[in-house]
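First chain A sits with chain B, and in the next complex the same chain sits with chain C.
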Partner chain A sequence: MSILYPQNEMLESRERMVLNLYLVTSLVLFLVMMVLGLLMRLAQGAWMDMSPTLFYQVMTAHGAGMVGTAALASSAVMWFFLRKYVPLKTSIFLANYVLFMIGAVLLLVAIFIGKFAGAWTFLYPLPVQSLGVWSVGSAVLFMVGFLIIGVGFLLFYLDAMRGVIRVYGNLGRGLGLQWLFSGTVDPDHPKTVVASTMVIIVNSLGILGGAVVIVMSLINAYDPEIALNALFAKNLIYFFGHVFINITIYMAVIGVYELLPRYTGRRWGMSRPFLWAWAASTLMVMIVYPHHLLMDFAMPRWMAVTGQVISYTSGLPVFTVTAYGALTNIHRSRMRWRIPAMLLILSMFGWAAGIVPAIIDATISVNHVMHNTLWVPGHFHFYLLLGVLPMQFAFMYHLIGRDTDRSVSRSDRLGFWMYLSGGLAFVFMFLAGGHASVPRRWATHFPGWQVYDQVASLSAALVIVALSLFTVRICLGLMHTPSSAEPAPAGD
Partner chain B sequence: MSFQDRIWLTTLVGIALVTLAFLHVIRQSGREEDPKTVQTRAYALRRWLFGGLIALGIVVTGASLWPFPIASQHGAPMAPQVVHVVGHQWAWQMDTTRVRAGIPVAFEVTSADVNHGFGIYDSTDRLLTQTQSMPGVTNRLVYTFEHPGKYRILCLEYCGLAHHAMIREIDVVDGTEEES
Partner chain C sequence: MTAQMLVQIPLLLMAGILLVPVIPTRLRARAARWDQGGVSGLVLATLAMAFWMLPRSLDASTTDPLVALAKFLTVPLLIGLPLAFSWPRAGFIVRGVFLTEFVATFFRLGWLYRVSPIRLCNNYGLGDQQRLGNYMLWIGGGLLAWLALKLLAGNFKSLSPSSSPGAPG
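On to the complex of A and B.
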C-alpha cells in the first residue's frame, strides 16, 4: 500500500496557520454563500418574501462570493502540493489571503451598504447605469474589490511562475512540451507541475484581461465621456470570467492527481496523452470563451464557430484523460474506501457529468433556446457543486486524516450521501427549469415555474446541512492536526 | 417533442452513460487485478472512446452548423417583415407588435442603455429563440412564427432592478388573412 502522508508534505507551523486560514475561511464562506443561494431559491419559489432590490444584491453577493471562494480554496490545494516541487513563499501565499479578505470586505460593503447589484459579471455599462438604484461610488467600490482580489491571485501565480522557472528552466518545460512529439517522457515529471504551469499561464492572462476591463470601467465611471465599446467590454469580461472560474477546477484537480493513487495504491504515471491534454487545455481554456457570446450575433461568425467547436474539443481531455485516467486508476484496485476517496470519485463524476449539459449548450442552435435560462446555472452548478467542491473537501478531509484511519465515520457517511443526493436534486432542478425555459437571474418566477424552485430549496437545505457537518468535522480536525513538521507514520 | 425535449433527452442519456461508467468501476473497485493488465485493456478501449467522440463531434458540428443557425448580419434584412426593437431599462420599444405567421420576421435589436436579452416566448411560456440587445450594436434575429397567437418578449440578460418585469406582448396573426 502506498503512503498516504509522505514526509515532504509536512507543514511548518507558519505554513499550517496560513493554510488553515484559507481552509476555514473557504468553508465558512461556502456556507454563507449557500445560504444566500437558498434564500434566492426560496424567494423564486414564493416561499419567502424578498424585494427585488435585495434579491439582486443577494444574487450579486452569491455569484462573486462563490467564484472568489472556489478560487481561494482551489489555490490552497495547488499551493499545498506545488510547494513539494518548486520553492513557494509562504508570505506571498499569505498576501493573497489578506488581499482576498480586503477585496471581499469591499465587495460586501458595496453590495449590502452601497446596494450595488450589478451581478458578479459587472457587464458594462450596468454598473454605472442603475437608474438610481445604487450609486456610481458603490460600483467603483465593487470593481476595486475585484481588482484587489485579482492582484492577490496574480501575486500568487507570479510566485509560482518564479518557482517553476527556477526548477524547470521555463514554463514550457514545466508543461512538459519537450515531450509532446518525441523523446522519452520522464515518468517522474509531476502532474502537479504540469497543471500548475497551465494555471499560471492561463489565469495570469485571465486576470490581466479582467483588470483591463475594470480599469477601463473605472475611468468611464468618473469620466462618462470616455465610453467603452460594450461588445469589446463583454468579450474581456467573459474571457476573464470564463478563465477564472474554470481555473478553480484545474487548480483543485491537482488534489485528485496527488491523492487518488494513494487511496487506490496504484501509480498514476505521467504519459504523453496527459501532456497533450494539458497543452491543449492551456490553449482551449483561453479561446473557448466566445461560447458565452453565441447570442451576440454581431460577433464575427468565425468566433461563434470557434466557441462551439472548442467547447466540444474541451471535453476530450476531461473525458478521455482525467476522468478516464481516474477510473482506470480505481478499476479493480482494492480501493481504500475512506471519505477523501469517496469525495474524489464524486468530484470526477461531477466534473464529467456536468460538462455534458455544458457542451450541449455550446451548440449555437441549442443556445438559442437555452442561453440565460436556468440551464446555465444547471450545468455550472453541476461541475462546481459536485465537481470542484468535492475535490476541495477531499483535500481537506485528507489533511485531517491519519494513516491509521480505516473506516468512514457515520456522520461523514451521512454528510456525504446528503451532499450527493441534495446536490444532484439541486442541479437537476436547475436543468429542468432550463428545459422549461425559466430565465435565470429573475427575482420572481411565474407560478408554473415555482415547483422547480421549491424542490431546489429543499435540496439546497440538504446540501447546507451536509456542508455544515463537513465544516464542523474539518475545522475540528484542523485544530487537532499537529502544528509542526513531524515524521509521518509508515503507510498501512 | 419540442426542441427543448430533445435537448433534455440527449442530456439525460449523456449523463446516464457517464453515471453507468462510474458505477461499473465503483462496483469493481473492491476486486484486485494487475494494474498493467487493467491499463492495457483500458488504454485500448480509450482509443475507441477518443475516436468515437471525435467522430460524434464532427457529425454534430456539421449537422448543427449547416445551414448556419444565425442570420446574416450584413446589408439590409432580406426578410419580408422587419421589426426594430430597442431595449430600455425596463421596457421594450418596438415599432410594431403585430407580425404575420408563416413569413420570416427580421428583428433588428439594439439597446438604449445597458445589455438586455430579447427572448421570444410562446403562449405556453416556452422559449422559441433569442438574441442580445446591446448598446451601440444591432443584432438581427430572423424568425418565422409557425402559428398565430399571443407571444411574449422576456428580458433574458440581467439589466437591473426590474429586469424580471421587462415583458412585452406581440400578436402574431394569420399570414394569409393579413395579406388579403
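On to the complex of A and C.
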C-alpha cells in the first residue's frame, strides 16, 4: 500500500469536486485579499493615492476575507482527514461552501457598494454610527453575511459532531478524556479526531456567541432605543472572533499530524500528554479572548488578569506537544524533503515565532502601549502567513503530489523561498513599525513611518508572486494530476 | 409576562405534546409523508413560536378573547404537536440547528428584555420584563450547560456505532 497516499483517503468524484471548490476558492481569495493588503501598505507608504474612506473599506474586506478564507481552507484540511475515521456527509460540506459564498457576496456588496468600513470586528456601536459614511442597511447586510457564513460552519461542525459521537460515543471520548488520569491510552486513537473534537466544541460555542451578538446588533440597528452594553457586546464579539480565527490553526494542524509521519517514515504515536494538551487548550482557547480588551479600563480586573495569564499558557500545551512531537519525528528520520514537508516545517516555525509577539502584547503593562500599534498585525500576520497558510499549502501540495515524486521542482523551490523571505520581511516591518509606535488602522502615515510601509509593500509583492506560483501549480495539479483518489503506482 | 412566557405557553406546548398518542395512526402516516427528516414540523413549530414571541401577540392575547382563544389552540396544535411529531424523525444535524437556535433565542430575548428601556408589552411592567429577561438568560445558560454535558459525556442510542467505519472496540 502507498505510504504517502493511503487507500482510505481516496476521494469519490463528487467529494473531489467539492474539495477542489474549497481549495481553488481559497487560493484565489487569498490572492485577492493579499492584493488588497498590498494596496493598503502602498497607500500608507505614500506610493499610491487612496482615500481614507476607501482604505477602511479595503481594510474591512481584507480582514473579513482573510479570516473567512483561512477558516474555509482549514475546514477542508479537517474534512479530508476526519472522514477517514468518522462518517461525514459531502452534502453538508458542500452546503458550508455554498453558504460561505453567499455570505461572502453579501460582505463584498456591503463593503464595496454599500461602503461599509467598520472593520471585520463590527464593534458595537460603530456599524450603526458611521457619521454618514455608510448606511445602516450596509451594516445590516455585512452582519447578515457573517450570520450566513456562521450557519454554514455550524452545519459543518454539527456533521463532524454527529460523526465523532457515532463512532466514539460522545465528544469526551473523541477528545480522549477517559484516558487523562488512568487507563491505557489507545495508541491508535487518531490525533485528527482529538483535534477535530476540540475544534467542534470550541467553535460551535464561538459561533453561538457570534449569533447572539450579531442578532442583538441587528435589533439595535433598526431600533436604536435598544442600546446594548458596549463592553458586553465587545466581549461576545471577541469571544466569537478570537475563537474563530484561532481555531483555523487547530484545524490546519491536523495536516501536520497526518502528513509529517508519512514524509519522515516514522510513526507518531498517541500519548497521555498529547491528550492533556488538547483538553487544556479546549478550555483555554475559550477564555483567552480578554487579551483583546486589556485597554478597556472598565473590564473587571480579574478578567484582565485572566486574559494575561491564559495568554501565556493557551497555545502552549498544543504547541509544545506538536512541536516536540514533530522534532522527534524528524530527528534522524531520512525525511523526504519535498515541498509539502518543507511547508510543514515552515508552518511549525511560523506558529512558534508568531505567538511570541502575542505573548509579549498580552502582558498588561506592555499592552497599554503596544496594542494599538502595528505590533499586533505583526503578530497575527506572522502566525497566519507563516503558520496557518503553509499548513494549508502543504496539504494542497500533498494532494497534487505522487509517490513517485523524487525532487522539488525549481519553480516550487523558488516559490517557497520567495514566500518565506517575503513573508518574514513583511511581518518584521509590522513588528518594527509597532516597536516604533506606529499606530495601526491609520489610513495615512507620517513620512517618518513610511519606510516600514514601503519595505512591507515590496515584501508583500514578493509574497504575492510566490502565492501566484503556488496557485497556478496547485490548480493545474488539481485539474490534471490524479490526487489521492487514484494513487499513482507506489514508488516506495 | 413571566408567567405567560415561562409557565402558560410551555404548559400549552406540553398539552400539544401529550396529544400525539390520540392522533390516528393513518393520519400520522399521511403527515409523515410531508415531514421528511422532521423539517416541515419543526419549521411550522418555529414559525408559530416566532409569532407568539412578538410582544403585540402576547399583549393581544391578554386583552382580546379571540386572540386568547387562538393562542390556546395554536400553541398546542401548531407548536407542541408538530414538535412532538417531528422531533423523533429529525436527524442529529436538524436537531442541532434547532437546539442551537433555541438556546441563542433565550440569550437574545433575555438580553433584549433586560436592556430595553421601554415596556415591550403594554400589559406588563418594566420590572416584570426585566425579571423575565434574567430568567431567560438563566434558562439559556442551563440549557447550554445541559447540552454541553450531554454531548461531552452522554449516551446517544440513536447514533448506532455499528454502521460506521473504524468503530473502536
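Following the convention adopted for this analysis, the second predicted complex is superposed on the first by the 476 of 492 C-alpha atoms of A that agree within 3 Å, B and C clash if a C-alpha of one lies under 4 Å from a C-alpha of the other, contacts with A are read in each partner's own complex, and residues count from 1 in each chain.
Note that a contact is a pair of C-beta atoms (placed from the backbone, for glycine too) under 8 Å apart; a residue touches a chain by one contact, two chains touch by 3 or more.
All values derive from a computational prediction rather than experimental measurement.
A.B. asks: Between chain B and chain C, positioned on chain A by superposition, is the outcome a clash or a fit?
C.D. replies: fit
A.B. asks: Tell me the contact category for A:R162 with respect to chain B and chain C: first, second, both or neither.
C.D. replies: second
A.B. asks: Touching A:N229, do we find chain B (first), chain C (second), both, or neither?
C.D. replies: both
A.B. asks: In the superposed model, which partner reaches more residues of chain A, chain B or chain C?
C.D. replies: Looking at chain A, the partner in contact with more of its residues is B.
A.B. asks: So, A:Q129: does it touch chain B (first), chain C (second), both, or neither?
C.D. replies: first
A.B. asks: Report for A:R410: first if it touches chain B alone, second if chain C alone, otherwise both or neither.
C.D. replies: neither
A.B. asks: Considering only touches as defined above, state whether A:V366 meets chain B (first), chain C (second), both or neither.
C.D. replies: first
A.B. asks: After superposing on chain A, what angle in degrees do the C-alpha centres of chain B and chain C form at the C-alpha centre of chain A, to the nearest 10?
C.D. replies: 100
A.B. asks: Using the superposition on chain A described above, determine whether A:M216 touches chain B (first), chain C (second), both, or neither.
C.D. replies: The answer is second: A:M216 touches chain C but not chain B.
A.B. asks: Once the structures are superposed on A, label A:H480 by its partner contacts, choosing first (chain B), second (chain C), both or neither.
C.D. replies: A:H480: touches no partner chain.
A.B. asks: Once superposed, minimum distance in angstrom between C-alpha atoms of chain B and those of chain C?
C.D. replies: 13
A.B. asks: Can you give me the overlap between the chain B contact set and the chain C contact set on chain A?
C.D. replies: 229
A.B. asks: List the residues on chain B that touch chain A in their complex, please.
C.D. replies: 3-5, 7-8, 10-11, 14-15, 18-19, 21-22, 25-26, 28-33, 35, 38-39, 42-43, 46, 49-50, 53-54, 57, 60-61, 64-65, 68-71, 73, 89, 113-115, 117, 119, 121, 125-132, 134-141, 154-164
A.B. asks: List the residues on chain A that touch chain B in their complex, please.
C.D. replies: Residues 52-53, 56, 117-119, 123, 125-126, 129-131, 133, 229-231, 234, 264, 266-267, 295-298, 301, 304-305, 308-309, 312-313, 315-316, 319-320, 323-324, 327-328, 330-335, 337, 345, 348-349, 352-353, 356-357, 360, 363-366, 368-373, 431-432, 435-437, 439, 441-444, 446, 448-449.
A.B. asks: What part of chain C is in contact with chain A in the complex they form?
C.D. replies: Result: residues 91-93, 96-97, 100-101, 103-104, 107-108, 111-112, 115-118, 144, 148, 151-156, 159-161, 163-168 of chain C touch chain A.
A.B. asks: Across the complex, what residues on chain A touch chain C?
C.D. replies: Contact set of chain A toward chain C: 84-87, 92, 151, 154-155, 158-159, 161-163, 165-172, 177, 186, 189, 201, 204, 208, 211-212, 215-216, 219, 225-229.
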